[in-house]
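First subunit A sits with subunit B, and in the next complex the same chain sits with subunit C.
For the complex of A and B:
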């Protein structure tokens, strides 16, 4: 492949310093890629694309008139994270999710953090996903967020920032696992020698978390995954995880509640269910309590849950900690509950609900990124510097009408990784990173994550629903330093 | 005043239903203004009934019927004694801004009752040019009463014109509604002006038997709905915009919440054909108190 015309421009490039010099942890891959002709590379890319299509590794786009199911575009050039850097991220993520769990426990019981004035009361109560129904409910081991997908970005300075926490039903982990399979097939000789930490144990770790939260410490619980069904954008992932863990995948209609206990219909009759990994939002989970028009949920489930006869992962009500306004307060939570300084920093954030911030936002709409507090997937968002006058005017009205629902952040130039396309060859494209934190008997993070890449030139929106793709994420084992021996590299790259 | 209330809900299904699950908020509350002497709940076909108390302090009875049934009948009977509304003469002096200030210091208690919701879209109050009742120096109770009056005068009570999910926008546009809509209107107006208030579900006595040729109160054929406005000192003051009344002895309270969604008397699901016939009959009968023995 030809990198001679590659330019890092003014961005932080994950692979290169300046335009020709690869970073040390990328050197081996760089040299291997250089040995590869354009045709060979394309052949590998085609093989991977076909494999994804055949296996049905797809996602669903909402609000789209055309065929809604698409394959998730995958780019072969991985994002590589050196071991030391990963250790820092891991430490920061565990700190963050630990604080979120302590916050949720406090929020649904004593509310000390509110009484002490660290977080204003109105922020919580007006949060759309705050669930009064959870007040005073004890959840197993006081864990609320069992699976957290925290989105990280890297700015022009090369520092990592937390962009948002996804503490409800984060998706994407199946792509992390499938991408790894694909890359192993594409680079069968390079990969085993690259010193990449494995991610394949994610399913085992997840199952361990789910078994850990079984009611009354049941040593042999029945665990199921609850899916909204085939029309959900992440249905592929639900099936995938059920297979990985060897557990049943169920829809709401497959479950029934009797005497505050949950049962699954099987061909042998009803079978008691103890733990539900639910991939269904709170709103839909129980039509007797939340949205009454939900046909996806299980009537009576909330009573069984409140009575402690079934465990849910994630807990109900976690949405109170991951909305974009609450995000602003996470560093304070870390300080309050752990008495530590945040290891990973937030992006500077302005709350439209606060008068001074609102004035600043309205005056600088053309420079800021404005986000709606409760929307995900890149919907309901304004990219000030790239927006038209009409779009800006429209957002101004929205903010004035409902300030609590909006936050703004400065435009961050996301870091880039070389990415191949037919039209542009190899060029820098912006990426983010979503590692998956598992919180059971102790927090664990499988070394890796989903690297999403904005495939459109110049675009910084990485969401799959908005034209994003993904890359494999390599975390190098710490003891595997870069190999400086030119001869060894040479030999390996020939047998890529 | 002593009342016997009977609330009968009957579902007749076109084909047998199964797996009915429901939550009931039908038990009258016991508080300073009413006392429940007796509450009996029967379900036909019969099923075990469990009970819990929800976030708002309402008693919730719930059950599930896994087997097939052609009809479901829920009968709630209660004997309730009500007392007249407290004398609020002293609170008439409290101004709107004083009340706001006092309540701001107790946000924990009032916050849920200040929020907009799908049923209470406060922004419509400005959009439809509702007069400004709550002026900072004016009396809070007077303002709330004027809002209640305004709704009564500007909307037409017409059973059957709206259903439980009719958006408030439509009510504002067509200027018709039932008690649920009237209550949501008053909630929207008060909350738009940052006055905490809550939705009340319950029953009323249509005719006062002691007054000849009394004009019947609206909303007695089924469950009724009204509003309670928070006054300083932890007082919830009941206003019934559908009847332009201050809530008193002839109102029997079953549940409170932020809006209708929190207090629906019966809420649940069943499996089966969607066609079914629903009948609700509510009777409120005034009893003559028996003189105490001895």
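For the complex of A and C:
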């Protein structure tokens, strides 16, 4: 592959310092890629794409006339994170999710953090996903967020920042695992020598978490995954995880509540269910309590949950800390509950609900990124520097009408990784990173994550619904990158 | 196993078997046409009508086409998505069921179905018709055999497998009886009579359409006669497509689901299946002739329908949940009011 015309421009490039010099942890991959002709690379890419289609690793596109399944575009050049850097991320993520769990417990019980004035009352009262139904409800081991998909980005300075916490039903972990399979097939000779930490045990770890929260410490609980159904865009992932864990995947209509206990309807009659990994948002899980028109949920599920006869992961009400206004207060939570300074920083954030901040936001709309507090998937967002006058005016009106629901952040130039496309060859494309934090008897993070990449030139929107793709994420076991074993390296770098 | 999952497995078994049978039926009939110059497009219409009869879609066909000839019938039974029994419709349904229960089948099974689905999706009906329709049917059948073979070699012999087997053999029994019936609808050219050359070719076609020609000729060397063919396809104890063989599989699968011994039943579907199995096993060629093949086949088909319905009652049908009533029953307000 030809990197001679590659330019890092003014961005932080994960692979190169300057335009020609690969970072040490990328050197071996760089050399191997250079040995590869354009045709060989394309053949590998085609083989991988075909394998994804054959295996049905696809997502459903909403609002698409064809209602078609597409493969999530996968780029072969991995994002590599040196071991030392990962350790820092791991510490920071665990600190953060620990604080979030302490916060949720406090929020749904004593609310000390509000009484002490660390977080204003009105922020919680107006949080869309705060669930008063959870007030005083005891959840197993006081864990609320069992699975957290924190989005990290890296700015021009090379520092990592937390972009959002995704403490409800984060998705994408199946791609982390399938991408790894794909890259092993594509680079069968390079991969085993690259010193990459394995991710394959994610399913085991997840099941361990789910079993840990079984009601009354039941040592042999029946664990199921609850899906909205085959038409959900993440259905592939739900099936994938069920297979990884060897548990049943159920839809709402498969479950029934009797005497505040949950059962599934099987060919042999009703069978008790103890733990539900639900991939359905709070709004839809129980039409008796939340959205009455939901046909995806299970009537009575909340009663069974409140009575402690069934455990849910994540807990109901975790959306309260997913709110982008609450995000602003996470560093304060860390200080308040753990008496520590945050290891990973937030992106600088302005709250439109605060008068000074609002004035600043409205004066600088053309420079800021504005987000609505509870939208996801890259929707409901204004990218000031790239927006038209009309779009800016439209957001100005929205902010003035409903300031509580908007925040603004400076435009961060996401870091880039070389990415191949037919039209442009190898060029830098912006990426983010979603590691998956599991919180059971203790917090664990499988070393890796989903690296999403904005495939359109110049774009910083990485969401799959808006032209994003993904890459494999390599966390290296050694601090100094791959082991340099002299002559052998020379030889191995000849081939992928 | 969830009833919903069992339902999907049962239908995957049925649809996959149906795809193969339809492909074979079309292939054989296209070849049969070649044997008779007298059958020009007009002359072949009754023949293709017979095919439509056996696939139970005469009405739907004539809503879309004026005449039944090789191309229109093949198109309709192969590529027409609006026809749920077409090959493409069945593949689509099998794949959708497999996708819904993706976690319950092996990777090999899923990939086999998925590849079949992508294969037919990429085909262009016109091109297939003009290039090589036989190769196309052979590839379809190849995909099906792969799927069935992979099921046999990778899938654990538990409930799920039994539901697939039930679907497969119920569909197969149904198809075999319908193909036998084909001969009832097949017209003879005017110059031919029963027992003549065309009659013989018709029975050969029936044997080919059930993959039974080789097996039959082992039993009755060089002697293709209607009554023997019927006897073979209904009563042969060891031929895997005979009605008798399929009924034995159905009976075994059903009883192993509930753990019931041979000769006993624990629910209505086992009773119906066991009785039908015994009845066919204790029938002779002469009795079938006396009753008339069509009438006999018709009776078997009705029992197969009963079995299908009773499988639903025993295992697959989820009692309808009245969502509004459930909400009313389980809403917190009600609890408060009671207090």
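The rule is short, and it goes like this: the second predicted complex is superposed on the first by the 481 of 496 C-alpha atoms of A that agree within 3 Å, B and C clash if a C-alpha of one lies under 4 Å from a C-alpha of the other, contacts with A are read in each partner's own complex, and residues count from 1 in each chain.
Please note the rule applied: contacts are C-beta pairs under 8 Å (C-beta built on N, C-alpha and C of every residue); 3 or more make two chains touch, one makes a residue touch a chain.
Bear in mind that the values here come from a model prediction, so they are computed numbers and not experimental data.
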item	value
First (subunit B), second (subunit C), both or neither touched by A:299	both
First (subunit B), second (subunit C), both or neither touched by A:132	first
Partner chain(s) touched by A:122 [first = subunit B, second = subunit C, both, neither]	first
Partner chain(s) touched by A:114 [first = subunit B, second = subunit C, both, neither]	first
Touched partner set for A:273, first subunit B, second subunit C, both or neither	neither
Subunit B versus subunit C as contact partner of A:287, first or second or both or neither	both
First (subunit B), second (subunit C), both or neither touched by A:53	second
Subunit B versus subunit C as contact partner of A:259, first or second or both or neither	first
Partner chain in contact with A:242 - subunit B first, subunit C second, else both or neither	second
Subunit B and subunit C contact sites that coincide on subunit A, given as residue numbers	256-257, 287-289, 292, 299-300, 303
Subunit A to subunit B touching residues, read off their complex	111, 114, 121-122, 125-126, 132-133, 135, 256-260, 287-289, 292, 299-300, 303, 306, 401-402
Contact footprint of subunit C on subunit A as seen in their complex	53-56, 229-230, 235-236, 239-240, 242-243, 248-251, 253-254, 256-257, 264-268, 287-289, 292, 295, 299-300, 302-303
Subunit A-touching residues of subunit B, taken from the complex the two chains share	19, 21-23, 48, 50, 52, 54-55, 62, 64, 66, 107-108, 111-112, 115, 123, 261, 267-269
Partner subunit A, residues of subunit C touching it in the complex	1-4, 6, 96, 99-103, 107, 110-111, 114-115, 118, 159, 257, 315-316, 318, 321, 323, 326-327, 329-332, 335
